[in-house]
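You will see two complexes here that share subunit A, one where it goes with subunit B and one where it goes with subunit C.
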Partner chain A sequence: MNPKTMNKLALTTIKVITGLVVVILAFLLGRILLQGVPHISWRFLTTASQEFVAGGGIAYQLFNSFYLLVLTLLLSLPISLGAGIFLAEYAPKNWLTEVIRMAIEILSSLPSVVVGLFGFLLFVVQFKLGFSLIAGAIALTFFNLPLLTRNVEESLKSVSNLQREAGLALGLSKWTTVLKVIIPEAVPGIVTGVVLGAGRVFGEAAALIYTAGQSASVIDFTNWNPFDAASPLNWSRPAETLAVHIWKINSEGIMPDAAAVSAGTSAVLIIVVLLFNLSARYLGNRLHRKLTSADK
Partner chain B sequence: MDPIKTKIQTRSKETRQEIWGQLLSYAAIILIVAVVCSIFMFVASKGLATFTKDHASLRDFLFTTDWSPTTMGKDGRPLVGALPMIAGSFGVTVLAVIFATPFALGTALYMTQLAGKHGQKLLQSVTELLVGIPSVVYGFIGLNVVVPFVREHFGGSGYGILSGAFVLFVMVLPTITSLTVDSLRAVPSHYQAASLALGATEWQTMYKVTLRAALPGILTAIVFGMARAFGEALAVQMVIGNATLMPHGLLTASSTLTSVLTMGIGNTVMGTVGNNALWSLALVLLLMSLLFNLVVKWIGRKGRI
Partner chain C sequence: MVNEYLTTKDVHLFYGQKEALKGINLAFPQTGIHALIGPSGCGKSTYLRCLNRMNDLIPSVKITGEIELDGVDIYQPKTDTVELRRQVGMVFQQPNPFPFSIYENVAYGLKLSGRQSKEFLDERVEQSLKQAAVWEEVKDQLGDSALSLSGGQQQRVCIARVLAVQPSVILLDEPTSALDPVSSNLIEEMLLTLREDYSCIIVTHNLQQASRISETTSFFLNGSLIESGPTKEIFVEPKKQETDDYLSGRFG
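What follows is the complex of A and B.
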């Protein structure tokens, strides 16, 4: 074939393929939102789920998802900050650091079921925590740590060395320099990573089925004592999240409106994840302006 | 004592801060490494118990097709033939990657070589959004769209490896695309300039220069895609039909390592042979993900000229 015709053919193929990918995404989003949004109502968001009759809502699942996310971030943020600081600032260049990096890479590529099963084995069974929010939060922390750590490390590394030298020249310790000079400068990157990770955590189900459990216990939204079993803040109660709820009704749900409930729940899940993705960059930039002397 | 002497001889506030800080960051990294080690230790000790405690044979596990761990075979060993699940996992993974790679390459080429600023931004957000959709939602869509589609156009019940591969195709597409984009961007632009200056067409330049220079990166992208497909649990479990039988084609109900795990762990009692056999499947998953990592490392070393 003439190279020119070949060229035209190939470029057209590439364009068609790209177009198809965009169409696939548009179809997916359209389908989820068009099917699900009509089912979202104030009542859907604020009533408890039903197992046998139609008309169940997702109030507990929605709250559990957010609470679990908060617990996960509380656990994983300090650890990944520490680990990220180590890798970016303190890690010597030797084989041990290579091994550590390799370990983090392996953790990030482990199937989330395996992480969930490990959480089940160690925390639910061995430490007798039972199916609980805290076991779920720990499993999600393991799942979230490698990405967050890498994100912190990269954000710290992208800060100019001049800033480090300036801090040290003022007589600050290296640690204080990192904490007070480098981290504020790196905040946009860190926050963007945290919020994107939050979206991933919010939609995760495989790691939660056997850690946070598959049942949403009844909670009483007027009782805010974290040590009371009926309190929303209690972290040793089993807690089904939105993502687990979708899985559960589709694999063993027997309520007559299972399809409608899962469509509505999927739409809520997607909307929240989209909001996380959209707000990630905006939040990062805003915080950067607040923490440093950068204008505008 | 002389205040100056004490000041010099004792640790300053800064030194103490520094020691504290280093301790904290070392503790965090040690914790992560300990988690990785204990995941391997726990899963391995549970997974090996099938062979050491319950006396199942490794050969049966890998090469036979009878999966009912609670019953004993003729030789007095539990029936733990995991070949159907292993075949199912490899089947969906390989098919999904075969479907996804041309799409990912095409999109990545368009993004890096042909698109303008706006096109690049649009496609960037397309891949980000595809990554962001949770896997249960993919499973739900698979159940409502892919399964009926396969039933109508290919026959069978609609549940099976083909449906699983279709769902995974969309899930690994953004992974492969974004990593391929990175490796295409890393090709120095003077390579392309030299090729174009020799009178090569755009396609000839892409095919003979850019894609070849980026090959190690593209292979890495494909392996990462395979790793994601292999480890994906719920989306596949929802559409594959969950029958622990040897798949007789792409359209019959079958199962994968992950799907059997998600269905089974809750229905077996800790420490029994049925439960241990499931942990052996988890161990296979773990070892496969380790293998994918090693392959990526190996490609990286080979690719660095």
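What follows is the complex of A and C.
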């Protein structure tokens, strides 16, 4: 075969494979949305779920998912920023650093159900946190931490070394250089990673079944005292999320409209994750502009 | 040499086992331009980076010998490298402005060294950009990102950034090799005015450039200083055979 046909053949193969991936994705998304969107209504989003009768909504699950995401990010962002900065900027090249990197790698390939069971044994049972938002948030932090740390490290490393030299040669300390020059440069990458990670956390079920629990306790949206058990902000109450709700309906749901509720919930979940992904780029670029251009 | 402001005595530098500098003795006066020439890998950039301790960043580097700035050993343990690098500024081969506005780039070093009034900063930014011969081109767009400028303008903004913190010595590591001839020319002319007040040490591969702007020149080869003296003497009647070979293009 001459090189020209060879080239054509390779190109066509790659195009077909890429097309296939897009078609599969479009089919999945289309199906979920087509089946689910008709069930989404304001009422569906704002009423509590029902266990035995038709007409239940997903108000609590929706709120729980977002609140759990916020808690998880509050826990995992500072840790992963610290670890990522250390690994990218300060860690000496030795066996200890390699061990840390490998540990992060292994942690990121842990099945989420294992993370969930570990969280159940350690936090729910041993530390007596019970099925609670905070136990769920800690489990999700374990789940999210490796990816976020890697993302921060990679984003920082992709900043040109010339910038580090420029900072140091100008008489900035290493820390000032990292904080004022390197991190602003890396922000788009970091934000994109955080938002994509948020999408993963938002759709996670297995790690939560044994930690945040499977029951949506009744919450009173007029009570904002986080220490009151009925408050939405209370972190020691059990909290079912959207993904867990879908799993539960499909495995043991006995309400007459289970299929419809499941489809509607799936569609809401997918839409939120899509929104996350779409906003990731936009947010990153905006923050970058804000951090790097003048204040005038 | 009269008036020795920056002196290096028997400077050796090792990358692990490899000896990259083999005992360099040089002295620089408080003003003027000194050119370091030699083929790639001869150690001239490495030597330049010893003078503001940029080599400290490479973990396997070991340096012996004595480097004194205004009579003070810059390698003694209590040296504040941050302060040292403020006194000994550096311009790199690739323009490397920060991803900020032009104004912020120039004002940055000053801002970090303490609270400064807006008037003082404005004045110093203007003065530095003028010294760096780029003021006229950027004065109406100080708020724009420095990255939006051309390479030559970026390099001059980088020089203004160094000048703003008022160093006494400016190290230039092939500052024009990534630029077009017009920009190179502008920078050369600027250096000719800077040499009245600063000690400029420039590494260059452009021999014409070295002969045009420097008062003194040193020729490096394989980590050794072969010959050093007034630029005219080095170029017209070099004492060493290697220098003559290099200048006449027989190698390097």
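FYI, the second predicted complex is superposed on the first by the 268 of 296 C-alpha atoms of A that agree within 3 Å, B and C clash if a C-alpha of one lies under 4 Å from a C-alpha of the other, contacts with A are read in each partner's own complex, and residues count from 1 in each chain.
Here is the rule we use: contacts are C-beta pairs under 8 Å (C-beta built on N, C-alpha and C of every residue); 3 or more make two chains touch, one makes a residue touch a chain.
Note that the structure is predicted; figures quoted are calculated from it, not measured.
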| item | value |
| --- | --- |
| Partner contacting more residues of subunit A (subunit B vs subunit C) | B |
| Subunit B versus subunit C as contact partner of A:L172, first or second or both or neither | both |
| Subunit B versus subunit C as contact partner of A:K128, first or second or both or neither | neither |
| Which of subunit B and subunit C A:E105 touches, first, second, both or neither | first |
| Touching partner for A:S251 - first (subunit B), second (subunit C), both, neither | first |
| Contacts of A:I14 with subunit B and subunit C, given as first, second, both or neither | first |
| Touching partner for A:T292 - first (subunit B), second (subunit C), both, neither | second |
| Overlap of the subunit B and subunit C footprints on subunit A, listed as residue numbers | 171-173, 176 |
| Contacting residues of subunit C [partner subunit A, same complex] | 52, 54, 57, 59, 82-86, 89-90, 92, 94, 96-101, 103-104, 108-109, 112-113, 142-145, 158, 161-162, 165 |
| Subunit A to subunit B touching residues, read off their complex | 3-4, 6-7, 10-11, 13-15, 17-18, 20-22, 24-25, 28-29, 31-32, 78-83, 85-87, 89-90, 99-100, 102-107, 109-115, 117-118, 120-122, 125, 142, 145-146, 149, 171-176, 178-179, 199-200, 202-206, 209-210, 243-244, 246-247, 250-251, 259, 262-263, 266, 269-270, 273-274, 276-277 |
| In the complex with subunit A, residue positions of subunit B that touch it | 14-15, 17-18, 20-22, 24-29, 31-33, 35-39, 42-43, 46, 102-103, 106-107, 109-111, 114, 122-123, 126, 128-130, 132-137, 139-141, 143-145, 170, 173, 177, 201-204, 206-207, 224, 227, 230-234, 237-238, 258, 261-262, 265-266, 270, 279, 282, 285-286, 289-290, 292-293, 297 |
| Contact footprint of subunit C on subunit A as seen in their complex | 92-93, 160, 162-173, 176, 180-181, 184-185, 292-294, 296 |
